[in-house]
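What follows is a set of structures to go through.
Both complexes below contain chain A, partnered by chain B and then by chain C.
And now, the complex of A and B:
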């Protein structure tokens, strides 16, 4: 905090409709368990590791804010200094920021989405931001291969084989500057519309569709505050604020503001220096052509202002995913106990799984690799668990098969059930011989004996 | 020479040894630029024969073709073909010893590169891959690697029919043109394969965004967009290219039609690839600015070995390279007090008088330069006489020009052949002076080549006598104009000052040899500075991608509707226009044919055609003079009667008839409200004339039953008619 002079805002959201029936009043999105830890803890611990300990967590909805605040103060009492702010539901990410913007004082603000599960150090993003003295720096990471599809709740069915296209990103040849960004799947499906003036300034734009906006941004605080003030229609960071900054980067309106000039010297960059940032990659043509050109620009009373939008592109080896769909939820759970196991914070056994010492396993019951079994859960005889996460204090009978699934806390599963590719929320009861395939079962639901369900979303009305 | 042989050896060894019957590498050289950039000079001499640093341009192209191992060259000539042929016949290239076989192909009705390639296709002389180049290209690149890549690709993918050579060149941010004076080109490539995905050389300056089709990114995760690549206009083509020009008889321009056509067409799936050269040189002389730029590059040896002091061209005399890049023929007579500055070439037999200063210029052969002359950045061709105290700045002065004492040429002046300028005359900037009068604007159709009838005179071999008589005429002309105080090039001057084409004067500076004036640059960059506000406004009103508002899906739908509507309105207009032609006596059959082709090209149904036609017919009725509804009805009924055959052609089924009724409703409500009181009358007359069947009318009426009250105005109006119809049909049933 003092080291970087960065303030951190975590946008924890509320109860996302996309994640029904997994989320509820009791379990807002930020508290959804990923490998038996609330998803928000991944972000908080990541920030802690970068020594960013002064945080503002913005939550949509009073109830959710209370729950999240309660959990944070319990879990991080001595470790982090967190203020939880509640905003009304549906204000959007920009609205959430607007609510807390006046409390911000540091030069730069790091904004992280609370549903991010990653091992990319936020410090790296912050450092890139500082190095370029950019107005905004966005973290981009390779798009997940079978990962979050924005298409909605029927996740499993529409599981795409190729990388999901979340964004269309335009980069300069050095891959440091963000020149174009299209977000959201409506936009991504349209034709690509690149601003000519930006192409002219750089000469070459690399258009990529295999990168994902990870929703971790570093903003220059004064610029962010101005935009929030002046553009009161802006609703979302990724759909309004970021595109606005990218679009106007060659004709900046933000640094025009007197407030910025007087407050921080860093923003008051001389326009001449500023103009060169994009031209630094240009080759000088072997002609006299360039000279009158330069002359032409200098003769202007005031050249136009520019600002920089930068990117930090995460290495291929880094893990980065956002919990924004049910598909993503399953994927992240699988990855955190699987290939990205270093994120879970647990130590794995020789069988490459985690079984809490207090868990009880019946005879001939097997728990395969990449599984997790939390404290107090009991399994009967002849059960088989593969690539699944089972929460605390679950009662599981005999002859139960659990594959590729997530079972949350206090779930009762009776004999002979078979669960595949499903998510079973807390306090659910599955009676005997229930068969679930690619289902989501909401908290407290009871599936009656012998029920067979496929690709369904089951929840209490 | 040894080097040439070396290069050639290398490229032939790169040829695939597996190819059993080795096809010699062929080239098509277009000795016609198919544009008017070099007017007025090209009225008298073809562009490829214009001297570039004292050597005709075509020499550079042919020398390069020879050096890269091309064995057969087909020179396509069109304008001034006699001159080109005559030149080639006298040149080294057609001597028996030449390693390059040069064949000329002549056509006089070609008006574009597309036509030229069609002519070449018909000759069926191209047997394999060939190099397509125009005769004004200077290059020293080695083709071996590009050719190898092209052939390898062809083996794997027969659809890869072309490899384009490109080179890095950043256009100016202010003028948006390259140092060659050409407009910026926006290209997109696949980063891995270098396949060309997008090409736009005439970007609409009012458009602030470039739109790339999303399909381009369907298969690959990334693409590169460039505006810093220059198209060298050197293409390695497969024979399919020629047949494509044959198939698409409307392809004219190599880039604007052919390349773009291929990129858009995803049915055939032909692919174009690019090959980027880095250290070697390639440039096409497209306009006066590139003429100047390339001349300087040649003198600065960027084009080595195609430079003045290497004995590359047979005609080259002994050139000596002094300090500061000054080339001087050995027999130049130079006064001691004359200064020849940097990057200048003086051809043999020229004399330079006392105290004259020359820099950054090319002086041709047998030129006479007087005393106290200053020449800067000029291209002076052969046998030019410049008398004392002249000041020349960034001008092109053609053969045989005579400048008398004290003439001043302001930047960008072009003096064509044998122009004479009288004493103490100042020729204003960007003027073009020629002995030939400027063709009227009608001739200067963009695609039309160098001149028309005028050039016929010039092509005749006995130029001198012709010109002298012309001179006499012109001089007398001038005596007349002088009297009226309109002397264009001064007393004892000969020539017309051309005015620029349709207001093109503002853009003259873009393509001139003169450097862009600082004031222009300041103005432009100021404009540029102003622009973004506009762009921002625009962008705000129509969100650029990346800007998705919560309601964007709705707006998106709106947009779609909008374009749809526009489409159908356009279609209606097109049909109407076709129909109007029918009025002027075109056969009805042909009208049907034309409308059918319109229908196919606009992807419309028969019903749309019927609707559009009906609209046109109705409009005819409306246009005829009328004072009352009764007259209007009579006019309309007459027109309907007249055109019912065409209408019926499109009324194959009840659906289409209903479409007509709906269209008629729309007309009455929106387009020509005059008809609304007449709806039912016209409807019944349509029925009487067997244009509409009762089934159609009845089903229209029943369809409308559920509609809003507002939609039912016309049903109500026609109620009586409909009831009558119903009864009639019932009666019919009873009869059965």
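And now, the complex of A and C:
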């Protein structure tokens, strides 16, 4: 039996277009290094810490699946039992689930996005889900505040980011039920459509925009499979399945015989009585014992036709971020080495940085706090590294300045370069006196001598 | 009602530690019995494996993939967290990891099995070369898989893999979302993937590991055996001296336990104390013989000494055993120090976070525990039903571990569940009765019964209990109570009792003309729920709070109240405030009718509501819903001179109760002991 009757599916994605040029055929999104560890490892380790060792990892694209599978089998060979499934690209999260749905047997399914970097225990989501006998439970996190305030990004990018940054979430006053969920295309001041029946049932809805959907969901398996079977148009969990479930929670088409006890907070009772209402004996009495009480149920004509959509709102002290944009990538890198350093799994030195013993520093080179220098990297003289992550076996010349940047593995940086707010992928060569500001340099690219770039995305054609 | 946890050994064998055993090596002591290899052979095997992996001359039963080695302490702490439930799930895997590490060759020698230098294993050399292949995206693993020794079933060889994959992709191209095949990327426990040679290595190491542990155990037992015997002898003597009815076996058993298990030292004393109480030394021997069988039963029924929460020593012990994190409650009220202090608000997130880490807990039990903790389920009937259903599911999914008796193991399992539930919220008396019933049923299972029969019989027992003792009992109570309602009556009820609600609804349905006064109290305001439901059904209701009780009582003709329990002196143990309502009604000469199912009766005698009660969240009484401006009690915990008391129950003396309506009819409170005495057997043994 699966642990606690939960199965875990990790949606590792494929090669995300949003993260170009950082991702490529060689480096799918899940293997993008965050503090020199693939981002997927954060999820896997979180799950491992929660004692969830049987996982299904769904990857878009055959090549990506091969690479991710290879990495997992190397890194987690006797720690986790991972099954990797490859799905064609572009099937969406719902499609990915559809592909593995037939393998699921447990009562509930925990679905985790592979790009999540968090320390919220998945058990908390699962426990909330179980406690409410909900159909779906979503993890909501306080949205990161510092992240998106960049001016350099173009309007198009802004828009792409919005749905993540600005989820419009409707909650009941006890903040346990999810009554409304919309992607943040609309501004908060503008109109929001809220279902009247739900509003009437609850009495009042709290609309919040400061929460972020962390893409960790617990689903009731039978319901999930039904939806996937019946609604073959559904493409994504967040945009199709979740809104569908929320919309129909008072008039459920999915509640199967197992979900009868779902007279949730949306009953016609005033909402502050939610819990007391739920606490009644009939609520837990199962079908067999409910019949004798049938006369007690008449006030709830459609009690059997409701299901619950719940939320678990993570504590503010927890770290939670998704790697779904380049901005987020540098934010997460910065945080994992900085304020959320417990996630990185490294032990920091007294200077609050990590310098691998095999790294070599030239004279008068300084590495500031919240930095990371991986094994085999060499820095020349008079370099300065601040709030940056430098990967393995990089060769960095003299008089190089690296601030707020991410330098991946095997990068060659020649003398006199200055890199600020940029991401430099593996095997890149920066020749002398290159100046990069807010740039992304794709793998294997060569920036010629003296090149100055600002807010550009450089990649090999 | 006590906080005793069952022996951890049963619920989580991994925690068990006997003698000088390192954490991950504990299981071997058990597995020894199924691997009857002689010590000599094992030693030989270990000697052999030191030089080279032995060819599989010694074969173990496949099932006993035992652990095996005593990893160096540093290693042990690195691969498993100290909390045992998480650690290496299958000892074999820890072994495998090490054997694999040798082969990969990139780890330091201290982790090597039994000090075998890495170079001693032939495969390590080949893999040293292989591991240089690449070190980042392509794992050493991948490179090594070319040598056809992959431990995992992931790419047997990469070319094979691609072929397989493309085949799938072609098939999937037609459909929109093809069923994708799962590829095992990494394996923890499954062995099939291991190649022959590796298995031999495995076997070899296993063998010598078992040998090592065997010698180890031999030593510890020798060292301990004498102490054990002496303890037994002493216990026997003590039992004889006391002339106690305590069966020597139990006494010595507890002594043994005390000897072998440090953690349980607390337990024997209360048991021994019980002995003399039950059968004082003056009792004649013949009488004792006659007494014995019932005495045995009685001993089971005697409530174990309740946990006194002002006893620091005990509290410390209990805390160490607890699954749920126990926090110190602040500003405890002096008179109620002995009760478990309310700490639930802080427990819930903690417990939720540990959802997947509590190994032995059945999911449904866990769910019920969470629901108790969060207050989603309250009311003694509701809690009782929820608990029974959870146990029923747990029994359905239960399978007896090898070499254990169902009766004993299941009882221990249930006890561990119960103690978990107690940590979530103290048991109600009705739950205590129910648990007693269930344990009795388990104990009474005939030995000849097969496991599946036993399980189904238990499940039907549970169903029957719910049906007969709760559902049908409620119906009977309703029938009785309705005869007491006349047209024109004004009925008063307090709080939210499921039976009373059903009575009112039923009386309304049979066409009685009456009015209902619902009295409510802060902080739970349960009466509002009742009010809402009754109004929805068209009953004529009046709603007031308990501070207006003396005013409203003028017009009332009957008072119907529910109860959490009725004690054998007729005391009604119920939601706090009931006593007040009953007393006021008595003063106004209004009859007070208590509706209570007979399974909630208890033979205990209680004169006040202090010695046994439950404390609620003190914070909720400091807040007034809808009045944010009333914040005078914010941060009350900082003031040492201020304690808040939120009691959950009170005891209503029988003087104020006119009648108790149960499933055996309507009786005066003085008849409760009769019911308890006459129907107890039936209640508990159906």
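Just so we're on the same page, the second predicted complex is superposed on the first by the 385 of 461 C-alpha atoms of A that agree within 3 Å, B and C clash if a C-alpha of one lies under 4 Å from a C-alpha of the other, contacts with A are read in each partner's own complex, and residues count from 1 in each chain.
Here is the rule we use: contacts are C-beta pairs under 8 Å (C-beta built on N, C-alpha and C of every residue); 3 or more make two chains touch, one makes a residue touch a chain.
Remember, predicted model here, so these are calculated numbers, not experimental data.
By the touch criterion stated above, A:193 is placed in contact with chain B alone, chain C being left untouched.
In the superposition on chain A, A:328 contacts neither chain B nor chain C. When the two structures are aligned on the shared chain, A:183 is found in touch with chain B, with no touch to chain C. Once chain A of one complex is fitted onto chain A of the other, the partner contacts of A:112 are absent, as it touches neither chain B nor chain C.
Of the two partner chains placed by superposition, A:424 touches none, neither chain B nor chain C. If you count the residues of chain A touched by chain B and by chain C, you find the higher number for C. Once chain A of one complex is fitted onto chain A of the other, the partner contacts of A:240 are limited to chain B, with no touch recorded for chain C. In the superposition on chain A, the residues of chain A contacted by chain B and by chain C overlap at 282-283, 285-286, 288-289, 292-293, 295-296, 299. Interface of chain A with chain B (complex): residues 163, 168, 170, 180-184, 186-187, 189-197, 199-201, 203-210, 235, 239-240, 242-244, 246-248, 250-251, 253, 282-283, 285-290, 292-293, 295-297, 299-300, 303-304. Those residues of chain A that touch chain C in the complex are listed here as 1, 3-6, 26-27, 31, 49-53, 56-58, 62, 65-88, 91, 95, 98-100, 102-103, 107, 121-124, 126-128, 130-133, 232, 269-270, 272-273, 275-286, 288-289, 292-293, 295-296, 298-299, 315, 392, 409. Note for the complex: chain B touches chain A at residues 168-176, 179, 184, 186, 188, 191, 203, 207-214, 216-217, 221-228, 293, 296-297, 302, 515-516, 518, 521-522, 524-526, 529, 531-533, 535-536, 539, 544-550, 552-553, 556. Listed in rising order, the residues of chain C touching chain A in the complex are 85-86, 89, 93-94, 96-97, 100, 136-142, 151-152, 154-155, 158, 161-162, 165-166, 168-169, 172-173, 176-190, 349, 351-357, 359, 361, 363, 366-367, 370-371, 374-379, 381-382, 385-386, 389, 397, 463, 466-467, 471, 475, 496, 498, 501-502, 505-506, 509, 524-526, 528-529, 532-533, 536-537, 625.
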